[in-house]
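Here come two complexes built around chain A, the first alongside chain B, the second alongside chain C.
Moving on to the complex of A and B:
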C-alpha cells in the first residue's frame, strides 16, 4: 500500500514537472529550433531567377555555389578571422581588468567598477558604433591623440571592425572571468607563494587554470556575436564585407542562398561549442 | 645556544591593521623557536596568533620589528623566498590539480625533473599514509585525507620550518586525536621545526615541546606544557590553559587564608567527609555544600558552594564509585595541599 502511495506521489510529481516544463520546451522546439530547421531546410530550395519567388524544389545548387565561389570562401574566412581576433583581444583585455576588479581593488571599489563595466551594455548598440565612427574619422579623437606620437589611427576597415567589436563584446568576457577570479580563494594564491612560486608562476599555474573555463564561456559570447554581426562593419568597416552583409544583401534577392550562407556561422559555432565542450568549459556555465 | 640553532626569531614584532593602525593585532612580540622543536601558539580567537604565523610565512609585513629565519633577516622577504611552508586551516589545495600534482608543486616550481618529482611526491604521500591516492582530485577526498595531502605538500621539500594554522580544527574528535599523534610522530621523524597555531589547549599541551600562550596581541607565558599548566604566570594563562579556580581579594583571604590572587586546579582538591579527621600540616580545608554534580566520563565535576557565596569546582577521578553521601545539598569537606594554591599575578 505504501508502495502504491509512493507511486502515485511520483506520478503526480511527474505530471507537475511536465506541466511546468511543457510550455517552455514547446517554445524552445517550435519557435527556436523549428525556425532554425526551416531556415536550414530552405537552403536546399531555389529561386525563380525571373520573379525572385522561392521555388520549393529540393536541390543542392546553393551549397555547391557556396563551396565553389571564391568570394564566399574569402568572406567566410575573413569573418572567422575577425571573430577569432575579437575573442583573443577581449581575452587579453578582460584578464587584467577582471584581475584588478576582483583582486586588486578594495571591496568598496568593486561594485562601482562592475557597474562601469556593465553600463555600456545599457546603451544602444548603434549609438556606440556611431560613436566609434566619429572617433575613428580622419579628424576624430583617435587621430588627434595619436598624431603627436607620429602615428595614425586605423581609419575605417577591418582593424576598425575588430576594435569596435572587441569594445562592444568586452563586458561578456569580463563578467565570467571576474566571477571566476572572485571565487578563487585568497588562500590558494597564498599557498602557491608559500610553496615557492613567484607572481608569474602563480598566474600560470594557479590563476589561469582557474579562469580557463570562464575564458571559454566568455569566448562563446564574443565569438558567436562577432560571427553574426553585420551592422558594425557597415558603420566602421569601410569596404569590408562579412558573412552577415552577404546574408543581408541576399535576403531580398535570393532567400534560399541567404539561408545557405547563414548555415556557415551556425556550423562554425557548433564546431566551436564542440571544441569548447571538449575542453570542459561548458561545465562552468 | 648558538645562533644557527634558532629556527625563528621575532624581535619586538608589532602588527597594526586599518588606517592609522586602528587595530593592534600584535604588540611588540618576542619569540624564539629552537631548531627541531614542536612549538605551539595557544590563544583564543582574535588573540593575534594567526597574524604572527602569517608574518613568519611572509603573507603580511610587520608594522615594526624584525623576523629572522635561521639567523637571517627575512622581514621584507616575499613568501616564496622563505624556507617555510604553511598548512592552512582550510588546506587550500589546488582544485584543478591531482593529489600528486598538489604534493609535487613545490618541486615543480623549483624545476625538479619529473621522475624525481614523482618519486618524492609518492614518498611524501606514503609518509602521510595516502599511497594510492596520487591520481585523485582534492574534491574526491574526505576532510582528513585533504588534511594529509596538505601536510605532504608542505613537507615534500623539507622546509626548515612548518607552520600549521589550526590544522585539525575541521576534523571530528576521533580523527583529531589520531592526527595529533601522527603530527607529533611526523615532527619527530623529520626533525623539522613545527609551529602550531591552535585555540585547543589539549592539542597544544599534548603535542608541543614548548607552548606560548597568546592573549590580546601579547605573549603571556612561554614554556614547556607542564610548566605552563602547573605554574601559570598570569591569571589569564591559569584560566585559559585547563580549568581552574581563581580566587582573589576577599575570596582569597576566606578560602586560601592569605591575601592575593591564587589558582587552584580542580583536580588538586580532594573531597572528604566533614566528620573526618582534621587535615595534616601544610593542608588547607574548607567545608561547603554540594551545589551540582556533572558526570563527565572519566571524572566527575563537583560544584561546591562555600559560605559567603564562593564557589569551587572540584574534579574527582572516577577510580571508584561515588560514595552515597556525595549527592546535591550534602555537606562536604574540601582538602588541598597549600602549595597547590598557586599565586598568579594580575
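Moving on to the complex of A and C:
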C-alpha cells in the first residue's frame, strides 16, 4: 500500500494494470475455480431419490461409494489406460511427422504442410467421429480394405476409441513438437555429425532431449482431452464405458454422485500436470 | 507485503462465501405451486418442445411426415424441437426451464410432477381432450389428486428387432437377447438406460417364476440382483448399447447389431433404408410407454404450448403421429383418420386386454408398485447405479 502511494506516476500505472488484469482474474477465479469449487462441494450433498432434486445435507456417502465400489475403480483405470495409450500413440505419430515438416521438407512446403495438419481442426468433432463410425462399421471401408489381407478391423470397442481419439488430438501433439524442432539450430545437428555421431545417436542424444518438453506439452492436451471425452466413446466405443459416460449418466439423476465422480479426472490431471511440470515441460507452452 | 497477503486471503474468503450463498439460495424458488391457466391468450409466436424421435416431424426425415409446418401456419407459433433419447434426458432438459412442453413417458411424468417442473393442465383449454380414450385419462402416471398433468398422446410396446438375413429362425421370445444371446456374440444391442433393467425383469417373470416378480418396476433387492446378473451375462454378447435412434439405425444397417430391443419407428426407418429387419412383440409381452404431453411450470410460451397440445392430439395429427411412430393413438377419432384403416386394430388402440401385457415405463420407487407391504423395493437411483455396474 505504502509503496503504491510513494510515486504518483507509478501509482497510476499500478491502477491501470489492476484495471486491466482485474476482469480476467475475476473471470478466472469466479467462472473457473469458483465453479470447480462448487462442483467439488456438491459431491458432499445428496439427492431426493424420486425427484432427483439436490438435497443440501452434508455427508460423505458419495465419496465412500466412489472409493469402495469396484466398478468405479475399473472405469477409472480403463479411462486412464486409454488416455495413456492415446498419448503414446500420438507421440509416436507426431515425432516423425513433425520432423519431416520441420527438417526434411523444404521451407516452401512447411507452411502448406502445417495448414494440412491443422485443417482437420476446422471440421466438427462430431462429423469426424461419425465418419470413423461409418468407416469402422461391419461393412465399412476399413473392413473392406483389410479383408483381402485376411484381416478384420477393430470394430466398435476400446481399440476404436484409442484410434479415433488419437486421430482427433494428433494436431495438438504435432504443433508443439514441430515448433520445438523448428527452433532446433541446424548447427547442433551438424556438430553432432562432426563429432562422429550417427543418425540414431543424434536423434537420441540431441533431438529427443530438445523436443522432450514439447512432447510433454503436447501430451498435456492429448491426455487431458482423452480423459474427459465421452462422446467419441458413445459413437465408436461399442459398450465401453469411460469416466465421462459414468458422469453423464449420473448428472441428470444424481448430481452429487456425478460431482464426486468428476473429482477423479480432476485429481488425475492435477497429478499429471505436477509430474509434467517437474519435467520442465510447462516452460515450453 | 504481509498486509497484501491477508487482504488477498480475505477477498478469496469473501468470494467463497458469496459462491456458497449463491449456491445455497438457488434451490428454494422452484415453482412447486404451479397453476393451470384459466383461459388462453394470444400465441407467443414460438414454442420450445422436447419430444421423442418421430413425435414432432417437420418433413425433414420423410417429406410425407410433416405436422409441424401446418401447425406453424395455423397458429403462428414457430416450433423449436429438441429430440431426447431417454426419459432421463427429458427430465434434465425440463429442469433447465427453457422448454414449454414435453412428450414425457411414465418413467418421467411422476418425477416431473413431484419436482414441480410440470404444471397441471386445464383440460378445458384442450378441446380434443374429450375424445381421448377414457382408459388413458386420470391414470396414476399422468395425474395427481384428480388433476390431469398433461394430455395423453399414445402408447405402444418396446419390440424385438432382428436382421432377417442373420437371425434364423425368427425369434419370438426375449430369450434371444438374454439366455440365448451368445448365439449372436458381439452383435446384440440393448437400450442404454437404467429403465432397461425392467426388460430383464419382465423376462425373468416367465423364465424364473420362483423370483416372484409381479411387476417389472417393483423389484426388491434380491429381484434386482437377479436382473443385474442376467444383464451382466447379456453384456458379454452386446456389441453396443443405443439411446440415440440414429445410432441404432446405422448399427442395424451396417450389420454391427443384428438383434435387440427397438421402437416401431426405428424399425420403419431402418426398413426405409433398405435394411432387412423385422420387429416383433415377443410372447412374454414387453415393456412399453404411455406418453403424455406436459406443460412446464416455467413455460415462457404457455399459450403456444396449449395450442400444440390440442394440435398433436387432434384426430388427423394424432393419426399421423401414431402411424409414423408405430403406436396406438390416444384420440379415438384418430382411428378413422389413419391411412391404414386397420392401424388401430393392429396396434390395439382400444384393446385394454392387450395393454395389460405391456408394462408401461414407470419410475421405480421405494414403495413397491405391486402392492407388497412387507418389503421395500429398489428405487431409480439404485437402478441407475446398477446400470453403471452392468455396463462395467
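In the analysis below, the second predicted complex is superposed on the first by the 279 of 285 C-alpha atoms of A that agree within 3 Å, B and C clash if a C-alpha of one lies under 4 Å from a C-alpha of the other, contacts with A are read in each partner's own complex, and residues count from 1 in each chain.
Going forward, a residue touches a chain if its C-beta (ideal position, glycine included) is under 8 Å from a C-beta of that chain, and two chains touch if they have at least 3 such contacts.
All of these numbers come straight from a predicted model, not from anything done at the bench.
Chemist: Return fit or clash for chain B versus chain C, each positioned on chain A through the superposition.
Modeler: Result for chain B and chain C: fit.
Chemist: Quick check on the superposed pair: does A:223 touch chain B, chain C, both, or neither? Answer first, second, both or neither.
Modeler: Once the two structures are laid over each other on A, A:223 reaches no partner at all.
Chemist: Between chain B and chain C, pick out the one touching the greater number of residues of chain A.
Modeler: Comparing chain B with chain C, the partner touching more chain A residues is C.
Chemist: Identify the partner contact of A:132: answer first if only chain B is touched, second if only chain C is, both if each is, neither if none is.
Modeler: Neither partner.
Chemist: By the touch definition at the top of the document, which applies to A:209: first (chain B), second (chain C), both, or neither?
Modeler: First partner only.
Chemist: Quick one: is A:272 in contact with chain B, with chain C, with both, or with neither? Answer first, second, both or neither.
Modeler: After superposing on A, A:272 lies clear of both chain B and chain C.
Chemist: For A:197, decide between first (touching chain B), second (touching chain C), both and neither.
Modeler: first
Chemist: So in the superposed three-chain picture, is A:250 touching just chain B, just chain C, both, or none of them (first/second/both/neither)?
Modeler: The second partner, chain C, only.
Chemist: Rounded to a multiple of 10, tell me what angle the C-alpha centres of chain B and chain C make at the one for chain A, in degrees.
Modeler: Placing chain A at the corner, the angle measures out to 160 degrees.
Chemist: Given the touch rule stated above, what does A:185 touch, chain B (first), chain C (second), both, or neither?
Modeler: It touches chain B, and chain C stays clear.
Chemist: Give me, in Å and rounded to a whole number, the least C-alpha distance separating chain B from chain C in the superposition.
Modeler: 32
Chemist: In the superposed arrangement, what residues of chain A touch both chain B and chain C?
Modeler: Common to the two interfaces on chain A: nothing.
Chemist: How about chain A: which of its residues touch chain C in the complex?
Modeler: Those residues of chain A that touch chain C are 1, 29-30, 34, 37-38, 41-42, 47, 49-54, 56, 69, 71, 74-75, 133-134, 137-140, 155-156, 234-235, 237-239, 241, 245-246, 249-254.
Chemist: Going by the contact rule at the top, pick out the chain C residues touching chain A in the complex.
Modeler: By the definition above, chain C touches chain A via 3-4, 12, 15-16, 19-20, 23-24, 27, 30, 88-89, 91-92, 110-111, 114-115, 186, 235, 238-241, 244, 247, 250-251, 254-256, 363, 365-366, 379-381, 384-385, 387-389, 391-392.
Chemist: Quick check: in the complex, which residue numbers of chain A touch chain B?
Modeler: That would be residues 185, 187-188, 190-198, 201, 205-206, 209-210 of chain A.
Chemist: Would you mind writing out the residues of chain B in touch with chain A in their complex?
Modeler: Those residues of chain B that touch chain A are 57-59, 78-80, 84-86, 88, 90, 92-97, 105-106, 108-110, 153-154, 157.
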